[in-house]
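Heads up, the next two complexes both have chain A, just with different partners, chain B and then chain C.
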Partner chain A sequence: MADVVQVAPADDPVRPLFSPAGELTAEARATLGLSPDALRDLYHKMVWIRRTDQEALNLQRQGELGLWGPYQGQEAIHVGTVAALRETDWIFPSYREFGMGMCRGIDPAEMLKLFRGVSHGPWDPRTYHFAPLVIPVASQVPHGVGFAMGSRFKHSDDVVLSTFGDGATSKGDWHEAMNFAGVFQAPVIFLCQNNHWAISVPLAKQTAGSIAERAQGYGFPGIRIDGNDVLGIFAAIRTAAERARRGGGPYLIEAMTYRMGPHTTSDDPTRYRTNVELERWSAKDPIPRFRQWLEGQGLLDEAALAAINREVEAKVETMRNRLRATTAPAPGEAIFGRVYQHPSDSFLEEREEFESSLESN
Partner chain B sequence: MADQTFRLPDLGEGLTEAQLVAWRVEEGARVEINAPLCDVETAKAVVVIPSPYAGTIHKLHARPGESVAVGAPLVTIAAQETPTTVEPEDPAPRTLVGYGPGAPEAGVRRRARVAPVATGEPGADVRAAPFVRQLAKEKGVDLARVTGTGPGGRITKADVEAATSAPAATSAPAATPATPATNGERRISVVGIRKAIARQMVRSVSTIPQFTEFAIFDASALMAAREKQKAGGRSLTPLPYFIQAMVKAVRAYPLMNSSWDESRDEIVVKQPINVGIAVNTSQGLLVPVLRGADQLDLHEIADRGAKLIEGARAGTLGPGEMSGGTITVTNVGASGPVETGTPIISPPECCVVAFGAIKPRPMVVDGQVVARPGAWISISVDHRIVDGALATEFLTALVAELEKVSA
Partner chain C sequence: MEPVTMAKAINLSLRDALANDDSVLIFGEDVGTLGGVFRITDGLQKTFGPERVFDTPLAESAIIGICIGLVLRGFKPVPEIQFDGFIYPAFDQIVSHVAKYRNRTGVSMPITIRVPFGGHIGAVEHHSESPEAYFAHTAGLKVVAPATPGDAYALLQSAIADPDPVIFFEPKARYYLKEEIDTAREVPIGRARIAREGTGVTVVAYGPTVSIALDAAKAAEKENISLEIIDLRSLSPLDMPTILESLRKTHRAIVVHEAPVFGGFGGEIAARIADDGFDLLEAPIERIGGMDAPYPPARYEKLYLPDVDRILEAADVALAYG
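For the complex of A and B:
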């Protein structure tokens, strides 16, 4: 079998940054080149997206949102990822990456219209290079790969990041996408947020072996890292993205983390997992961890923390008020409005019929 | 100050009602935005509802235990005007996502979400998933006679299971309003604690092969010890003595403090002895847990036990105080002429011990029939873990401990 090609770890710039256990090495941490302001901003954003997540949960309980999928515990991934990419690199998210969208600059009050059920797509993906949130599990993975192949055909050096949960790697789409990416050397980073649960199904019940190591079989490298360390995420994504930009091809990053809240507002996690597990992961909560590190570096003091909290509270209140003032579009517009750029006559007739049926009843 | 009535939203994608578990505020109290108002239980989860307004609680529209329809008023708050800097995008009535702006808007036809009532006639349109039909077939349940509680009147697995298990509820169901039904029957919606008890009991009886053994013990020593305590200014109920004796017997027979791990075919012998204490409350049976009972002396057992029982009755215990038991005790003689019974194990435990009332009984001492205080003990054990011989040894040890109580 002389023609079997082994993926040579030598061409992998990410692995040397991490210990075998997936921790960013002290040396790599010291040479990230992030300014104190940039470091503080990472912290600020984590606090902001967490507080927003909590507020969205409240808003759902108050009948202002139909559904909400909390991401508490996964903020280091949301924030570190966006900070590591160029603004023009595309992100293909699942349903849980609201925080990434915020970091890309999308107004959270606008984004929440999706969860309020009053808009099918409240932002223009091309403005933010942030694809729509998708519910069908793993569908964003082939989308991301296709887009990355397109970027390559256009000789652009923009790369694509597609992110998904551990459960998504059980889907056929995921494997097809991985295969295409390897074969076509697509400039794509696969970011698995391994939060240990796919709704009520634990990792061990649907994945044998390691997710990161699956990459080898598709002809590109993969690594499992600590997903609750914002700087580790930043370093891994930036390095994998630069590699892809230079034509190095795909990379799979498996970031180990924990979904601290329910799967969605319709879920009750106490029915299937223990408090002990939650407590164990709470000790690794990415936000206090990074705050302690910043304080240890002398980059954050009481006054700075208070200022961050104040600013975040103000932003969240604005979001709340703006969201509560949002109303639903007329039914005809909601259903027919954004389907075709040039609707056909029969489509317009159908719309008229629908609208007049509302009046006559 | 304008009165704002907050209506129960659909908290979980297509729910029609929720049960109010407890209020966290009182009429007349002040609340801030997002302060917890109440706990409600839906078919999917127990959730806390945060206040959408800041202001004074004017009226609570439901009582704990009641079921509230989605869209029905929950609380009226005399709201403090919030300085909203943003104008509504259009002056249409504000739409709460869960249920729309009150009554259905004129002109818009809404599809009824109400479950069609199963008629019970043969050949009626039965709605059930294939695995539920399979289960019904296996259990010999006629689906046409089962009322579906799932979405759109669909028959669920639980409905089929309920149809097979004998109706043997002992204590009164939690105070939930009955829904009037035809031909004199009453239908009581089971939610909250009643539902949790039902789930736990079905799990016990359908997964644990259990048997029960009985014994009578001579309580003379125990009563003498209580007198001694009383003379020392401390009056103790028999329960702390029961618990202490149980703990000592468990130490000699650690298998009684274990669990059967189905997934690995292993017996897990537990280290601390956490004693669940069955308490009858107005809400139904609750089992607060006395943790590390093997590390406590008699007075600590008495004090902590009393606190837990009080907390269970007042409804102030957190879920952490009602979980993690490794063996359970129930005092069946405490409130009536009950001598003994066949207690049901609380899964995943291995053993439950029931004590009957202590009263004078004829006992044979040195060939003479004499009256002595005594009581029945019964234990139910998991036969996968413990055989009759070992259960007997444990029961013998328990009786011996109780008969030699000295403090």
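For the complex of A and C:
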């Protein structure tokens, strides 16, 4: 008998919702079951996280932050993903998912401590079911798979959303995690935010093949979709999550989007990409697109838009004030305080010596 | 209790940990059905089932990476890395995440990573290395290496109970060393033991070099040289009080490990002795280890590794001072 060739399971409830080009079908869009308030809330959140992104950029320029990694252009993914999950589902982000963290309820002024240089991880992941922002590319992907394996062991129907960029798919950890997920049938949705650039390296130089289609090699389905349509993201994530919840296993979603800003405030994209490309993607900007759709549905008028803008401005001002009032922990606590739960005597002595050297100076 | 081998003692310790704490999980390459290439996990899957003791795909980075998520989900992972020389693909997960996650988030990471280490087994390349210094150098980790069956049992209990991550190095050449063990005896992490009392020279060893140092002490006795042997058991944290106490008697120190001497853990011990015990010393601190060359083909390992003669020669040098 020849070896059995494994193929991806036929159970793929996501694909029928999308056209071959990855656009949510009109029929699927009409049957999402989101109330007008819920739809307006998606828009509100996208505006809020974009305005926060811009404000963080300003704060970096004013010297309030050491660094900032803008996510402009990727708001549909941040907002649609969180809205599609249950609060008890865990999200394992990379470093650009600040907006997702906001949608999970983390105070942006607290999160900004990371970029202000006073904390490596200013929130307890267990409170928000939102793991820390992870900087080494793709290294967080196995963490999410481990959590999802644990969900299976505990017979829980919580699922995991593991997100990363196109560059991450080049890394060994990404492959190892995808493979583990397939073998253990872990309830995890892999969300690739393909924003076309890994700092200065374009997608074509990152990989020669399709990212979405790789899922099949790991024994589960994958799909490439429009990442700038918040409802498409919502539909894909919710459907893949429901599938995982009922034991269907992992799913890979490759969401096509664009990093409209630099990699970080230390980057200069004019050295490697053209304005023409940026303009082409600006035409697909997820926020005006969704606004036009809402207006077309009669769900958003000028008064509602003005109210959203007022509310967002107030929230941003609060964030700015809270950030400026941030107190940093004392040096001894910041450096030594959280390293060990059971520190050794010699570790405590080093801390003590350091703290008394500060006092005597 | 009948005398048991270190392999059996570790197996018993894992069995007791699984029985006493439902959150303990054991996994790695070949640890399930086979019971591990050294049979350390023999029979555990049969008793505790494939959701608590399981084989993973062949991928060390993910074996360690999944531990982070499993801890967040409420488990205590006890993964096995099959051989010392295969830990390097997992180095990033250990150094960037296992060691730093608590510092980043405030969430403790009770993970015990078991690694058979050291040479003397006539193996092919990558099966005989001593990578402990990389991990002892990494803040956020604890690093231990037992030398006897009883300590292996007890230290593993301490490691699994510890809320912080522990790299647990098992001296594979001593897996078949036998002794009676007392499973009620506790060995806290960070506490060395005097393996043999002596007055002439202190020999600091850990893991596989402890029994070589004890053999050297027996041989030295015939020449009226008294060696005190310290079995560190724990590299990080390091029990300096026990070392300094010994030096108050002997005033001479030799450090022995299998890893290359340059940049090796012996350098840390020597530097700490020089810092905290300079006045106690009557001779330079001798370091004995593998050579500053990669681990050799098996036919040459006896020449490469520390042996009784090299310890005795170092003792002669130390005793020639003062």
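One rule holds in what follows: the second predicted complex is superposed on the first by the 348 of 361 C-alpha atoms of A that agree within 3 Å, B and C clash if a C-alpha of one lies under 4 Å from a C-alpha of the other, contacts with A are read in each partner's own complex, and residues count from 1 in each chain.
Keep this in mind: contacts are C-beta pairs under 8 Å (C-beta built on N, C-alpha and C of every residue); 3 or more make two chains touch, one makes a residue touch a chain.
Just so it is clear, the structure is predicted and the values come from calculations on it, not from any experiment.
Engineer: Counting only touches as set out at the top, which of chain B and chain C does A:Asp268 meet: first, second, both, neither?
Structural biologist: First partner only, chain B.
Engineer: One more residue to check, A:Glu359. First (chain B), second (chain C), both or neither?
Structural biologist: Touch partner of A:Glu359: chain B, not chain C.
Engineer: A:Ser35 contacts which: chain B (first), chain C (second), both, neither?
Structural biologist: It touches nothing on chain B or chain C.
Engineer: Can A:Ala131 be said to touch chain B (first), chain C (second), both, or neither?
Structural biologist: Second partner only, chain C.
Engineer: Quick check for you: in the superposed arrangement, does A:Arg324 touch first (chain B), second (chain C), both or neither?
Structural biologist: After superposing on A, A:Arg324 lies in contact with chain B but is clear of chain C.
Engineer: Specify the partner with more touching residues on chain A, choosing between chain B and chain C.
Structural biologist: On the superposition, C touches more of the residues of chain A.
Engineer: Chain A touches which residues of chain C in the complex?
Structural biologist: Those in contact with chain A are residues 25, 51-52, 56-57, 59, 61-62, 64-70, 72-75, 77, 89, 92-93, 96-97, 100-108, 139-140, 142, 162-164, 190, 237-238, 240.
Engineer: Within their complex, state which residues of chain A touch chain B.
Structural biologist: 55, 58, 60-67, 116-118, 262, 265-268, 270, 275, 318, 321-322, 324-328, 331, 358-361
Engineer: How about chain B: which of its residues touch chain A in the complex?
Structural biologist: 6-13, 34, 44-52, 82, 84-90, 92, 94-99, 106-109, 319-320
Engineer: Which residues of chain A touch chain C in the complex?
Structural biologist: Contact set of chain A toward chain C: 90, 92, 120-121, 123-126, 131-132, 134, 136, 139, 141-151, 153-154, 160, 172-173, 176-177, 179-180, 183, 338-342, 344-347.
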